[in-house]
């Protein structure tokens, strides 16, 4: 059974381009035309960048053309400030490569997607809370204080179930009124394997595209829908239970495969069969069940700090040290 | 010293029309032309409605022409569900008199102003959290489920210090995108006396006008700025320390006044003198100091429940009982 | 593979006596000596009571002798106040049958186990927050106000990782100082299947025994350790990922079993093999991974309300209606 | 009117020994026998230590014999990490002078007094949340990891209104069970003037004595009640409205005093008159009204961080840097 078929059956979107790339390359048994992969190593992180070069690559990998930078690190799982600051510097460096600013006057709107009240989905609102908005300072404080600062605004618009409004509609309205040069959207993602949780940060210069994210944000946030470039920073915080189910059976069958004639089991596994199994085992929650580690609260807290630090460092052209210290 | 002068000196806006009315009528020694006052009694509440009839009244009382319904009750100070439900019914009844709906298709956007993280300012976001949004249900659930329900959306946009964006800009953007027929804005207010805290709910069919509210929301939310009617529901949760200071000195002088020649003290009291006294006593917080009772957490919780219940009851044309039960 | 062996391998304790009973009876293929099962039906709930009659039953089922009342209902999954009140009445009724009070002077200490900051483990602290403590009123308010009220105190002691102290030690200390006649401990449980989440409340008159609970509370809270009777109210909020893994493979094999000679697969499944599969699929979180539905926040909120209402109703001998209304 | 008489009338206890010292010395017009005062200056702080030397001093100043170290700094009012770390070092240094440890085996119980849900009273619980408990590590992790660490436990017992139990009873029970060598209690204090809020931290080696604290904790936490030494760390977060009222009238009268024969006003001011004025102006909240700045949330957050850092630094004999980094 191909994993890509399984995901289709389960209605799962692989939010990480790196995972999509690995899965599809595995199934194809070779490189994907129109998609490139680069690697870099940093002190506390390993960075792999998937670039979707053209429409051919895009249609194979299921992601629009653009850069998908994946920062992998295990320091988010531990409460260590010094290592978090190192990781934050790497994130800041990679962010800077992506920022399309033309001048210091270019402004940014940070959008924290997700739901305050559901821990694994609260990453976006937490980053907004930790971000220093500066847009309102212009014209209200002496100019010396805003020298070297970029105009930054930040909003956590809430989720459809609470507001009754598509997040994209709210953000479109805010973008039209405030005219930022760039939107940076922060989102919790669903991963294709448990080891991605608390180990991965993805920067995508294509924004957020329909169907991604933990809470299945419906409409996209990207240059097409908003009219300004959108950079998405995503962090996997959950895995769909259906993926876990598949991996467990696959692993089981793998263990059995040396016992002929059991090998034919592999052929029996199919998305519809798995759907039946999942419905049976996971009802009444088969579609909403998420697997997340007990430590999710700490992971979200650490990750939101790292991202907020990196945003401050990368966005402001020349933040004086005394200002840098004033972050929450 | 006239209180109105004091308020001007301290930069204080009397958010409650009833307080403005009482203060100005007291200072004028008689009725205010262009302003009327009506009273009604309910089981758990006393209702007084100040109507600003014309521009003359508006310029005297400092509020635009419209209806200001003040519901006074002492049941918010106690944790009693049955009494809260009674008060909620009165609030719902008075709200209904104000709602400008022309048909069941007219939709509503509820806006919870204020700051989640500061208890006395969290009333608006708390009401949003307790409100049942229905706008997203249309086209997603079977029509029977939305029969009798009005389209309601709800947003808590955050405050300027966190977002860097004027609340009014955010709401304008959302209104343009979602086209509600009516906006209902919920806000915590600053009162002119301590006894107003936890005892008063004001409904104003003129919306929110510049300079009002605990957090001094700058731009207004009203039919002029948003293009649709705005009803404001406001609840006093704090008193400026400056008002407390004035009242204490006034009370002190009153106690002294039978001891001539001390009576002349009254003349010595002036807004600039009071400003000096306040700066001296309340520094370094003279402008941000708020007086609020220890019980403020319970008051906010109770009041947000009462308002959320009243919104549900008054907004939906024919909510079936089984739906009414599904409120948070 | 026997499920009981699997649980032993995974270090999982079945917190619900009803699940232990079902599993073991299934494996034995018949009734368990020394254990009885009774059933009752209520409007919104089905109640099954497992009674462990003697040591023989206890050693088979792995629970000390006593009553384990399981209330099953699907109303916790929906936000419906009227149905929650009905379920609360059933819970109250069953609780009353368990309360060992000899007089109205007997007092109660309610203990909310678990961690405020981790949603699925926050049930206990949430019930404490919603409970009306009365113990401090005696001698401080006029006697009329405490007539018909039982002396109730309530504490949420925190978890080992934050306090550095075993919960049982804290509670022992508090019990010695405050001398309650009874302890009622509220706890989030780990269930053996997903459908138990948000559908089941267990009352156990044997208290809490070592190793149970979501956070694996080590030492027990029972008449042996505390010197007073302990009633435990437990609600499943998570399932160990290991159990999900087992059930998925079992379901898969079941689907295959009509294809001989695949039937022998069943024999291949063993706890050590499953351990290997789980470690492979769920690393690096294999021991901490919990499966919980997205709606867990609402489930915890609804359940804590139902339990707090039932405690108030069942504990106080003759609460006047006006007092009942004063609950949070 | 003597301030000391006013405080008695209003039932106010001056929690800061430095304020009591200043007030009484002012009223006596000279040094207080049996009480000494020392001053020191640090980079970001000014430290004044009031030592109550004997019973004579104690009866005059209303505090038991012991050391009361007051650290004054204005860095808590700004969000500046570097300055907070400096202040934390000063606090740590002064704490170390107070710690009565005899060996590295001596253990500590940190008690966070106050109420989670009321911002100005939440300081204690916030410090507990940010503290690294280590007591449970002994015997559970390899010894190398606990080398250089002291055994620290931490509890936030809640407040009387929620638990129904005197905090002192809970702590007595926990102390008897866990046998710490020292208790450090963290508490929010009521100050005698607004400028103390967010500017002052007091260390008292006499523990907490009856009647002090924002929430008026009744029974004391000290070596007499607990049997082990108690160090109290207190931070003023509110001022009683009654004190504000007094200061305002005093300031007013002061401004008037050059206008004879108004000078006699001073004589008219008396505690009972002030009581009447306060009741009139502040009803219905005259006893519960607290004055606190709007920024209280940030102040509490900053202060709890500074205290948690200082506790970690001062308590552990030789914390390796890699461990220091693991703090929340």
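Order of writing sets the chain letters: A, B, C and D. Residues in each chain are counted from 1.
Basically, a residue touches a chain if its C-beta (ideal position, glycine included) is under 8 Å from a C-beta of that chain, and two chains touch if they have at least 3 such contacts.
Since we're looking at a predicted model, the values are computed, not measured.
Chemist: State which chains count as neighbours of subunit B and simultaneously of subunit C.
Modeler: A, D
Chemist: Please decide if copies subunit B and subunit D contact each other with the same set of residue positions, more than half shared, or with different positions, and reply same or different.
Modeler: Mostly the same residues.
Chemist: Sort the other chains by how far their Cα centres are from that of subunit D and give me the top one.
Modeler: The most remote chain is A.
Chemist: Centroid from C-alpha atoms only, then distance subunit A to subunit B, rounded to Å. What do you get?
Modeler: The computed centroid separation for subunit A versus subunit B comes out at 40 Å.
Chemist: So what's the Cα centroid distance for subunit B and subunit D, whole Å?
Modeler: Roughly 36 Å, centre to centre.
Chemist: Please compute the C-alpha centroid of subunit A, do the same for subunit D, then give the distance between them in whole Å.
Modeler: Centres of subunit A and subunit D (C-alpha means) sit 44 Å apart.
Chemist: Going by the contact rule set out above, which residues of subunit B touch subunit D in the complex?
Modeler: Touch list, subunit B to subunit D: 77, 117-119, 193-195, 197, 241, 244-245, 247-249, 251-252, 255-256, 259, 261-262, 265, 268-269, 273, 276-278, 280-285, 288-297.
Chemist: Which of the residues in subunit B come into contact with subunit A in the complex?
Modeler: 128-129, 133-137, 151-158, 160-166, 169-170, 172-178
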